[in-house]
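You will see chain A twice below: alongside chain B first, and alongside chain C after that.
Entry: the complex of A and B
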């Protein structure tokens, strides 16, 4: 494997430390805007190849009979994409927290709107938590739906739309988010693009030197 | 407040293709560009310094307040898309002459304004006119729908609404494969109206068409939803029956024959009655689609030979 995309043990430890601090800040901000107790856990940080990624996705959706997924890109000094996988959602309760009205009339569009709204808040919190710690600037693009209430099969086709990805490696930060008050759970998969791993390593080494 | 506005270059204010506005932490408007003036019909003088909800009471307050607060707390960016929410501000469409849509579709972005020390000052909002895209998407949806309709109709017989011969030929191969994969039975019925040529000659082709349509109705009512009824040609019909119990085939055939016998086609003062003949067979190992059709046809021929108005199983 190309050494430029590899994180050595020291770098990986520093990265996990950065993530933990970042998630602490993200959690505090999210519980302020969502007005409730939130939990953010980071069970996995790892460098992945495409096949492993598909495996990670399949594992993430395996327990559900129906899934919702959205995605959001980030750009600037580090770039990549965030994939959200939602367990079945109590839309009324989530909608109330987000200030939505007329929740009895839940069309597919309204459900998507809610999912994209919470996706955006989650990616804002998690990403800026990270980028601030690393001293790297990042900007978010608008979120998009991947699928709404679909069977959890053909996950590769859903995510890649039948196209063959043009990269070999990606750095995955897997975040588990939950709000127990409204039984809301989601998995946030942050994928750092291959060409952003080196800038990330450099930022980590700057931190390590200080 | 004035000094915040002064920080923005004049050109942002003069942009007429994208709406740019900003609110401070108390949600008072502190920036209002040319686009916003044109489409809201409110001059900057009229809105600056005023609360956004008092200027635009139609805005969804609960939701937007929450969104603006989120952007300020997370110090981030947020969005709305015309796909889910057609618009933020209710502006007239920009196509008053050629367009059929009355209000402007919008994509909006919200991002935090911080001063040099990182202190949050408010939220900037951009408003993009997405009407052209929305119209194009609407046309695309319409074309997709029409294509689906055409695709469905290319498989159907125009007169009876049953599947046509081309569809039958394709489907019979698929059903054979399915039956083999899942190891279930597959039966094929061929049915022919007795003396149909005489009906056409005596009562005319229009009446013949009525007979065919009525018979198609009867067949679809009698068979199961999973059975595939096709107009095989002229007055010949084929029914593909997956997962069928061999023992019930005589009962089904009887029901079809008596259903057709009880048909009453009015012609002037007369009532036309008719009968039909059936031949059927089952899929066995080693058979190809042609074998199935040939065997059912042979059985049908025997029904005709032995007096019509009856069914025969291939032996």
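Entry: the complex of A and C
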């Protein structure tokens, strides 16, 4: 593996702390949107080969009978993809909190709209928190749905069957948000592209030198 | 003054220590470090002279909330200040209910550690 894409222990510690701050901002945004307490877990970071992503994804969806998934790209000084994996959602409860009307008649479009709105709020808070600390610019593209209420075994093809990323390695960040009072669980997988790891390392080292 | 800084991130502990040294300038500081909630509790029990505890919330195994809960029945004479990236209003409310006397957001805004210590009467 190219040494330039590997993070040493100190860089990894710093990166986790930077992610932790981004996650905290996303958690606060979610807490405000959904009017409740959001439980945050320690974020996980690992460098892995793209071929192993499928195993990570399988593990993330293994416990669910059906899932909802959205996807969003980010570009600029660091680039990559974000996957949002939502456990089965109590749509009526969420819709009511978000002020949606005609809750008994929630169409697939309305459900998708809800998921995309939450996805975008989480990614904005999280990535901009991260980019602010590291002094790296990042721009988010609009999120789109991967699947709505589908069995986990069908989603693999949808995520990886389309345009496969050009990188061999990725820095994977795993973040989890949960709200027990409204049965809300969301896992975010951020895949940082291989060619963004070096600028990221440089930014982390600047932070460590300060 | 004896202070315990608890955070699973070495970088975060370094930032807090640097701020503390700037705040106290001439006063002799004894800063202990813990990288987990469990270690923090053990160090507090072993070092009764610790007056200030800086505590992260999101940590593996035993998080900051659990540390505060565990400390409640112990009645230790230590001021607990949470330093966290979990900036939800409900998180702030919850830690205060669990006995924290201050909350500082991460990344630590300039001057906020000093102003918290002044508010608590630790610094003049």
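Following the convention adopted for this analysis, the second predicted complex is superposed on the first by the 199 of 210 C-alpha atoms of A that agree within 3 Å, B and C clash if a C-alpha of one lies under 4 Å from a C-alpha of the other, contacts with A are read in each partner's own complex, and residues count from 1 in each chain.
Here is the rule we go by: contacts are C-beta pairs under 8 Å (C-beta built on N, C-alpha and C of every residue); 3 or more make two chains touch, one makes a residue touch a chain.
Predicted, not measured: the structure shown is a model, and the values here were computed from it.
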Which of chain B and chain C A:110 touches, first, second, both or neither: first
Chain B versus chain C as contact partner of A:170, first or second or both or neither: neither
Touched partner set for A:14, first chain B, second chain C, both or neither: second
Touching partner for A:25 - first (chain B), second (chain C), both, neither: second
A:100 touches, of chain B and chain C: first, second, both or neither? first
First (chain B), second (chain C), both or neither touched by A:40: second
First, second, both or neither for A:121, with chain B first and chain C second: first
Contacts of A:196 with chain B and chain C, given as first, second, both or neither: neither
Touching partner for A:143 - first (chain B), second (chain C), both, neither: first
Complex contacts: residues of chain A adjacent to chain C: 10, 13-14, 16-17, 20-21, 23-25, 27-28, 31, 36-38, 40-42, 133, 207-208
Of chain B, residues touching chain A in the complex: 60, 62-67, 69-70, 73-79, 81, 83-85, 107, 109
Residue numbers on chain A that touch chain B, as the complex places them: 29-30, 32-33, 98-101, 109-110, 112-113, 116-117, 120-121, 124-125, 128, 139-140, 142-143
Chain C to chain A touching residues, read off their complex: 8-12, 57-60, 84-91, 94, 106-107
